[in-house]
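So that you can tell them apart, the chains are marked A, B, C and D in the order they are listed, and the count of residues begins at 1 in each.
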Amino acid sequence: MNSFGTNFRISLFGESHGEAVGVVMDGIAPGIPLSEADFLPDLDRRRSGARGTTPRKESDTPHLLSGVFNGYTTGAPVAVLFYNENTRSGDYRNLVTHPRPSHADWVAVQKFKGFNDYRGGGHFSGRLTLALVTAGVVAKKMLGAVKIESRILEIGGCADREKFPEVVERALRSCDSVGGVIECTAEGVPVGLGEPFFDSVESVMSHLLFSIPAVKGVEFGNGFAAARLRGSENNDPIVSADGRTATNNSGGINGGITNGNPIVVRVAVKPTSSIATEQQTLNTETGRVEPLVIKGRHDACIALRAPVVVEAAVAIALAQFV
Amino acid sequence: MNSFGTNFRISLFGESHGEAVGVVMDGIAPGIPLSEADFLPDLDRRRSGARGTTPRKESDTPHLLSGVFNGYTTGAPVAVLFYNENTRSGDYRNLVTHPRPSHADWVAVQKFKGFNDYRGGGHFSGRLTLALVTAGVVAKKMLGAVKIESRILEIGGCADREKFPEVVERALRSCDSVGGVIECTAEGVPVGLGEPFFDSVESVMSHLLFSIPAVKGVEFGNGFAAARLRGSENNDPIVSADGRTATNNSGGINGGITNGNPIVVRVAVKPTSSIATEQQTLNTETGRVEPLVIKGRHDACIALRAPVVVEAAVAIALAQFV
Amino acid sequence: MNSFGTNFRISLFGESHGEAVGVVMDGIAPGIPLSEADFLPDLDRRRSGARGTTPRKESDTPHLLSGVFNGYTTGAPVAVLFYNENTRSGDYRNLVTHPRPSHADWVAVQKFKGFNDYRGGGHFSGRLTLALVTAGVVAKKMLGAVKIESRILEIGGCADREKFPEVVERALRSCDSVGGVIECTAEGVPVGLGEPFFDSVESVMSHLLFSIPAVKGVEFGNGFAAARLRGSENNDPIVSADGRTATNNSGGINGGITNGNPIVVRVAVKPTSSIATEQQTLNTETGRVEPLVIKGRHDACIALRAPVVVEAAVAIALAQFV
Amino acid sequence: MNSFGTNFRISLFGESHGEAVGVVMDGIAPGIPLSEADFLPDLDRRRSGARGTTPRKESDTPHLLSGVFNGYTTGAPVAVLFYNENTRSGDYRNLVTHPRPSHADWVAVQKFKGFNDYRGGGHFSGRLTLALVTAGVVAKKMLGAVKIESRILEIGGCADREKFPEVVERALRSCDSVGGVIECTAEGVPVGLGEPFFDSVESVMSHLLFSIPAVKGVEFGNGFAAARLRGSENNDPIVSADGRTATNNSGGINGGITNGNPIVVRVAVKPTSSIATEQQTLNTETGRVEPLVIKGRHDACIALRAPVVVEAAVAIALAQFV
């Protein structure tokens, strides 16, 4: 469903072209300084703007509705609301009858019996990550000294940061899209977070990361590469009494529990499914396969906006355990 | 914690060298035929025996304690118990002071303040997957016609099935271990399973898959490879009214919801951390780094026993949604 | 915490004198007609106005922010927001140092370390029941033909409806408050709702009913009177194939499961703790006990406004099971 | 379902005449001394034996299967098992076609489509409270210095303890049953337990108390009597800096949060529905109403065995918050 968490609980709501998107957060300790301004840096990192991101511009102004008094959290739920402003719903009408390949259009109609708000992807829109980033800001504050940072490792298979703009530009010019790989690290994580058996840090973190639209892979430490190593290569010798290891192939997690070394997680973001080049899809009215050219405003490389969303997911996951 | 699920809830308990391992399952519809014999095939697939698996032999006899009457589930919780038989706890005493690299030994002591049962990994042991496989058998029955199958794609980086025994043998001979990649598919899955935003099928499934000891990566459909493709390559054209797609790069899931095509998920299993070759680790009593040679009985390639465990996790995840 | 439910999940937020009060509801089937107007009748029943209710007047205008498209629920979360309008926060400043007897003032400061929003009771205010009533409207729609109705059985120990105004008036004149007993019935409830062992209908319903501020007792069917009867007097003979019973001493629930007869539940509402007559309380600054005269606007008989809130709790509880 | 709790989670299983009854408990801190002997005193208090309790005798020997090592809890789940010994299933066969009035017989068949284990009430049996008492023992240990005590206030409407045996004897002689009222107090409870809005102490405690078979009413402090008082009579003046109040009409809870004064809760237990006197019920095969005389072994006054069960529920509820 649209809520997550035990100790730090979040509930999302909203649609891409509805009135608003928002989030209610519960389980926040009292006494944490919090204001609307605190959300702006991360919201800004998520916002479009760079070449290859959607031309839809939103001010993304957070409205802090509850849970803060005299500048500090009170311990009661914090609700933050964002009104949608720049919506052009006319763009999306034909996607009901011509579901976009690899998008949620078709399954949404099936699951919600045609009552889903299809405008701009509705509740399936990447715009919902606005709520995730908002919750991430609070989670980061709850985590205190833990330092969470994301970076783009690859765009369209290219691992040279300098060439990312060029890769995106080429995709744009061919009316296509590209994916990417995001890496996120969390340093200063206390030892002992996570629970056997089901609430391993990897379990809870991947649960949140796979909630992010377009994420199709998650790996920790050496991840898939570990499957190709020997134990003698992959094991991390413990070299100090505080648990520091000589290598960090485990990505800071053993037996599902943090070991005090940096958490390292990588996320595969698929190329945006909404592309301007012609594709084949089903016409659900006629039952025939027909060409589709998607209009509207889309990100050619959603991975460009993903790092701060990944950080938010990582922070929200860790906030369950502190 | 040690319970999982909303509609199909499971609670695990037990330790590797304690009295028993077991699982309580709730949310099972009444009227499903179930007997102790039904568990045997999957339990047998999980059991050691092949070269490269632990020489510890257990009969793994399931004791069905509740929830079944006259051969059918009653709707009340089903509890299944396995007594531990073949335990040699003397083997493990020194691992408290010399925590194995990349194993849970050290974090367990930290988290549980030294009260954890360290014998054979205690509650962190792979033996707990016995309970997972047991729950998987019930989940498969709940899923009816859905066909779930796993296979080993790679062992130690080798993708040639014929050569798997050789790869394992080489690792054994050098007192080392190897990892592997498991792929699992689920066919015949109904359209529309999964929930936006947080309970996407990928989220719930990865949550369970990362609960399996030694799993360090999970990907769906094209997974990490999708991050290196363009949208025009990765998108799956819908070609029939029941949602069938020409390709299945999405692994049967769009927007977190099943689209009726086979679910495809791959899991990276790291090489067993318990290896017989000498390693460096901390002596927690002296605070010095010392050589460690691990004794006891271990799997050199845990991936060999993992396919049925992965199937169980996939089945338990899907059983949340039906 | 501030969320409840598995199938029908609700998350509340807001404070009495903050910017807004609201609720996010999840698990609503798509295709239910819903508009802001649908909330008005129940909101109106909750609103103050009668003699003995607070002179604070609020328009209580619901803002439907999400989850509805073209007049029908979409299956995505429904968020409803109420802005606070008529707030006079100056009234409450001294209650931090002089906590009202039997109110949440003192425990709130202790629990939230002094960061709680104390204005008008903050998050502990009866104003939060606005969110409950809102969720109740949706729950009633989810329940279809089930007919849920509340009535006041007693005010201040008086069971004669005609004399209720007189009882309240007397309390008002002596600057005091009175409690009451509310009875709620649900007719047309399907057989078989509720779950053994912990999610009995009584368990889930009482959980919600005791969330309502001022509720101190809950009983089903004969309730406490059953403890004074013999089995032969209290048992309900089953007299028809659809489970109808000759009497309904069980209040429609056996073994925690609905039996198809009307659910009958009674709720004890204590007299409002905020009274204008002089009381003794602790001065938390001096540590001395001092006289307190509470100012501000309060209900002399909160039970007058409670029936619709009780209905909401009953409806939300039943909506978990359908 | 059959699990409860967030911080201290319990999962019950078993049937009255099946192989076993048991409970899995999770969320127990490591380092608590625990052995099978610790369960015996409370198990003994629950056991039948007194005049008016069932002649079915069970040794109720607890088998501690996991989560304890060297005499201390490890932090892993604690599973405790009780094998059923003294079962006479022949007694119950006709209750399928002749459901006992006010018992779960009829609803169980409806809900579980006839697959329920009807022997001795199956999963609906009071025997399941064995698991609750077991969990209560652990919860009490988790609560440290909190002192939880129950007493019978009334039997069959009689409040004179001396006359309880006589009241029961009279019921027995007329082949009838009697109910009772249990009061439970918890002293030494820390200030600030409980959560607004939905997880008030009253909410969570009543949730558990109403899970106990035969409980039909729950009230805190003055409870229903408070509804008949004025605020000036019912309010508790705060008289010391640690929150002590001059009276305790609130039963130790304000705004759903503990205030440090003793928690006082009363529970109405209905008369056992299984009585030996002739009653009318439906013959589900013929659809006709017929006389029923219940055989088998039953408690004439289940309230006699309830105090320790009520204590367990209170302890398990409080253990959620510490």
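We adopt the following convention: a residue touches a chain if its C-beta (ideal position, glycine included) is under 8 Å from a C-beta of that chain, and two chains touch if they have at least 3 such contacts.
On a predicted model such as this, the values are computed, not experimentally measured, just so you know.
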Note = Larger contact count among A-D and A-C belongs to A-C
Remark   = Relative to subunit A, largest Cα-centroid distance belongs to chain D
Key: Same or different contact residues where subunit B meets its copy subunit A, judged by the half mark   = same
Query = Which integer distance in Å separates the CA centroid of subunit A from that of subunit B?
reply = 26
Inquiry  = For subunit A versus subunit D, what separation do you get between their C-alpha means, in angstrom?
reply    = 45
Message = Suppose each chain is reduced to the average of its Cα coordinates; what separation in Å results between subunit A and subunit C?
response = 37
Ask   = Out of subunit D, which residues touch more than one other chain, so two or more?
value = 1-3, 12, 76, 111, 123, 196
Key: Interface residues, subunit D side, partner subunit A - complex   = 6, 76, 196
Complex contact set, residues of subunit B against subunit A = 1-4, 12, 99, 101-104, 106-108, 110-111, 123-124, 128, 154, 156-157, 171, 174, 176-181, 191-192, 195-200, 202-204, 206-211, 213, 215-224, 226-241, 243, 245-246, 249-251, 254-259, 268-275, 277, 279-282, 284, 287, 289, 303
Query = Which bits of subunit C are touching subunit A when the two form their complex?
reply = 1-3, 9, 11-15, 18-22, 24, 26-27, 30-31, 63-67, 69, 72-79, 81, 111-117, 119, 122-123
